[in-house]
Amino acid sequence: MGVREKIVTWARMKSPWVIHFNTGSCNACDIEIVDTLTPRYDVERFGVQLKGTPRHADVLLCSGPVTKQVRDRLVRVYEQMPEPKFVVAVGTCSCSGGVFNGCYNIHDGGIDQIIPVSAYIPGCPARPEAILDGVVKLLGSLQAKVEENDGTRPAPLPFL
Amino acid sequence: MAKVTIPFGPQHPALKEPERFDLTILGERIVRLNARLGYNHRGIEKACEQRSYISALYLIERICGICSHSHATAFVQCVEEIAGLEVPARARYIRTLIAELERMHSHLLWLGVAGHEIGFDTLLMYTWRDREVVMDLLAALTGNRVNYGINTIGGVRRDVSPEQCAEILRGIDTLEERTKYYMQLATEDAMLAERLVAVGSLCTEDAARLGAVGPVARASNLNQDVRRDDPYAAYGELDFKVITDTHCDVYGRVLVRVGELMESCRIICQVLSNLPEGPIAVKAPRKIPAGEALTRYEAPRGEDVHYVRGNGTERPERVKVRAPTLANVQAVSKMLENNYLADMPIVLAAIDPCFSCTDRAVVVREAGCVEQRMDWKALRLYGIEWYRKNRGIDCSKIKLRM
Amino acid sequence: MTNEEIIQQKIVNRFPATEGKFRLQRARRIWVEVTREIFLPLFEFAKQELKFVEFCTLTGLDEGENLLFIYHLAQEYTGIVLNLKVAVPKSDPVIPTITNFFPAAELPERELEDLLGAKVAGLAPGPRYPLPDEWPAGDHPLRKDWQPREDEAKPEVPHG
Amino acid sequence: MGYALFNILVFPGLLFLSLFGMLAEFADRKIYARLQNRVGPPWYQPEADFIKLLAKEEIVPADADRAVFRFLPVVALTAVVCSSIYIPLWSRSALYSFEGDVIVVLYLLTLPTLTFFLAGWYSNSLFAALGAVRALTQLFAYEVPLFMGILAPAIVASSWSLSGVAQFYGAHPAYWIFNLPGFVVCLVALQGKLERLPFDIPDAETEIVGGTFTEYSGRLLAFFRMTIDVELVVGSALLAAVFFPFGLGLPPVAGFILFLGKVLFIVTLLAVFRTVMARMRIDQMVEFCWKYLSTAALFQVLISLAVKGVILG
């Protein structure tokens, strides 16, 4: 595994920029996501920054079941994000549709029916510690993924 | 100067929830705004009709994460009124205690979000750090930081032990002193005043005509508060001041909310000092008799109206929820007239919108196979066509890697 | 003679047709059934003379053979809520709009049109609320007899 | 020839400035976080961000002009790095100095703002265009006070080259007291140039999503962010050179440490400003700059003329 891949993986693990999209949630999970930015949990220690545009973001934090109307927007935001991108489903609703499973205006089964999801954080609402743990585990899995397919190159490295 | 229409949402850093505002601006001034809500619409009211009262209560609490106790208490009071249950005094006092704690955590949260909207992130960090005190108290009392689930039909699920009372009083002292700091900050900080004075102004007549509720109305000098006019839970036996303000703009709303924070501290001390002894719940029948009831509740954002109709079975026949944001959102276009684009986030945030409350309605979906009408590609083309026709955005060029 | 009875007396004097239709359930709650013909004049009378200036909300429900609309109006300081119940046959579910009295009633009335299939005479056209745009026109989910249709195919995950 | 290349690329040039820029960004974010009693990012955060962005996919919007879209970050970066050559970092004279290099440095520092405007305009997105227009409006507001603030000491030193100014104030340091109002004016105007919080209107996250850089990602965004970091360092170095001319005669090592100290002091000042201020609206900003900042700069120029006429007589 070349030195360059090691450095790039280290950089990807150390600065995951996050964008938050509320796809119809009851915003309990949203206030817990914003709570991780505040002094008590301070997610900036891990280099995580909340970014405004999908172009700047690596990790898409989704909260809430996908309502019918928000579905197209979710796909568009997901498509606008540059590779390598990850999706984290925060809260029971986005993991599996949660308590709103069966309501007619949502897509049952949560976010992974619409876009591929890398990490699930259960909880109603997911506690800030759980969200922190989820993001750190997501980054850990990235590290493991790079190590275990040593021979092949994990992602195209356009820059050099 | 050409008029430009800016899509504001449904995904936008200023909005915590998906809703869509199309702003037509001339240079930097907002000319017209039309709102397209319904993104948060999940179908809770009809879903309640398929559930028993207890599981409907579980769903009603998930309408909105920040004011879950408001919806739960309003719904439970409706059902108790229909069933004619006499809720013990201690339960009513505990409900008031949790209601005021929720009001404090909601107002502190709003103060931080307002600071974030005008680029003053330090206020967000400070207020949310202090809010952790309230969250810890709520977690100790009810077991969960948000979506407390303390209510049950006929009373309250958990009792408040004396040590918890002492803990709450200690927490309230620190919060009271921090709120004094925020009151002093709100009144003296020149930068804050410059960005908030005469922004999103809503005069008294407009506030009354457009049906503004809660802090938005009280900041426009409308002296209305459901806790005093139509007392519920233990508010009849408590004395508290209704904070009003004559600024009629976002600055006034900041003052009203910080004032209410002080009031909540006083109310909590009163509730804890004369907490009556006795049972905390009364046995509720599974089948609620036929009847209907309407309750009004003073949620942190305004007046929250619940209408429940029972038909003798153990399932409600109709549940209607009117959240405070539904009333306030219609005043936003009035507030935004000839304001600047830069004011849009703070004016919208000033009504403390909770669109999760506003869009909730209907139905159950049984499994069953029906012939297939629209496949993924057809739905996508329909979406692109619809966008070109309605929004003038051509997204057919977005390549979908199948 | 409590306030509620005074208000009831005033309404009965003005509209004798509402004689037996009153129900004073508890303090500060007045329920009255009204026919569609005398609804608007009574509404105006309540707002102008009786000072019911706060429009709480507008509930619509399906009572089997006809649709029932309940207008909840509140007085400012006394907190008394007047609930006007207007039953309308399903054959022509038309009710006059009250946006000229309360402009804020626009969204609740649009909600009625969307969910119950009522027709509000005089309501200005505008974006539909709260159903998504691609929701088929004839479907009114709040009707008791409404069956969810399973027409959309399960949208498979676009990529990966 | 080789020595000049070394200067451009390595020492006071690209490598040193980018590393120092990242150190300055780390200091800024750490102080900002500590003042909000948060823990704040680790020291290697800017480096990690930079490398990660280099390895990310680069999306160029379909209807944006491909060549210009990719070329702008390079223009911005070169402009800022070149301007560092004329600034006397720690010895009395800069590497290259000629009569009139004050003007050259100031205009080289204006180039990045123009490239931000072009970047916003060319990325053909609504929010970026709005951010671009705001960047230009802001440019007109803070440009004049900044120029007057920098030129006032030059008038007293009666020389148009930064090294000349540094030498004059090195010779008789007592005069730098008269430049204090100028320092305050330049510090405030610098925030406009660097688009920092009270004046970060072009990329106001909550109003216009990403501002001028909404459509940028990957390598291009990495270069733009590095430009902003380097501009932070070069701007502070310019202020330090003009307004804090003491200790210029020291031996190279001690002089270099003093230079680092001066720049980090200015960066700390900027970080404190960023913590305590809310964002101004564009009309308030323009009004503030023309009403108060320009008059203060004019007042500073008058002082300089008075000092020149009376004392140097």
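In order of appearance the chains are A, B, C and D, and numbering begins at 1 in each one.
The working rule: a residue touches a chain if its C-beta (ideal position, glycine included) is under 8 Å from a C-beta of that chain, and two chains touch if they have at least 3 such contacts.
Given the structure is predicted, the values throughout are model-derived calculations rather than measurements.
For chain A, the chain with the farthest CA centroid is C.
When every chain is reduced to the mean of its C-alpha atoms, the one closest to the centre of the whole protein set is B.
When the C-beta contacts at A-D and at B-D are tallied, the pair with the greater total is A-D.
Centre-to-centre, using mean CA coordinates, chain A is 35 Å away from chain D. Chain B and chain D have Cα centroids separated by 44 Å. Rounded to a whole number, the gap between the C-alpha centres of chain A and chain B is 26 angstrom. Between the CA-based centres of chain B and chain C the separation comes to 23 Å, rounded to the whole angstrom. Annotation for chain A: residues 38-39, 52, 67, 69, 104-105 touch two or more other chains.
Residues of chain B in contact with two or more other chains: 12-13, 38, 41, 43, 46, 125, 129, 361-365, 383, 400.
For chain C, residues touching at least two other chains, in rising order: 131-134, 141, 148, 155, 158-159.
Chain-to-chain contact here is organised irregularly, matching neither a line nor a ring nor a star, and falling short of all pairs touching. Residue ranges of chain A in contact with chain B, taken from their complex: 21-32, 34-35, 38-40, 50, 52, 54, 64-65, 67, 69-70, 72-73, 76-77, 79, 99-100, 102-106, 108, 124-125, 127. On chain D, the positions that touch chain A within their shared complex are 29, 33, 36-42, 44-45, 47-52, 54-59, 127, 205-206, 209-210, 213-219, 221. Interface residues of chain A, counted against chain D in their complex, comprise 7-8, 10-12, 14-15, 17, 38-39, 42, 44-45, 47, 51-53, 55-56, 58, 80, 82-84, 155-159.
Across the interface of their complex, chain B is touched by residues 25-26, 28-29, 31, 53-57, 59, 61, 70, 72, 74, 76-79, 81, 83, 102-108, 111, 115, 126-134, 141-142, 146, 148-153, 155-156, 158-159 of chain C.
Listed in rising order, the residues of chain B touching chain C in the complex are 34-38, 41, 43, 45-46, 81, 208-211, 223-224, 226, 229-231, 292-294, 296, 303, 305, 307, 309, 317-318, 320, 322, 326-327, 329-331, 358-359, 361-376, 379, 382-383, 386, 390, 400-402.
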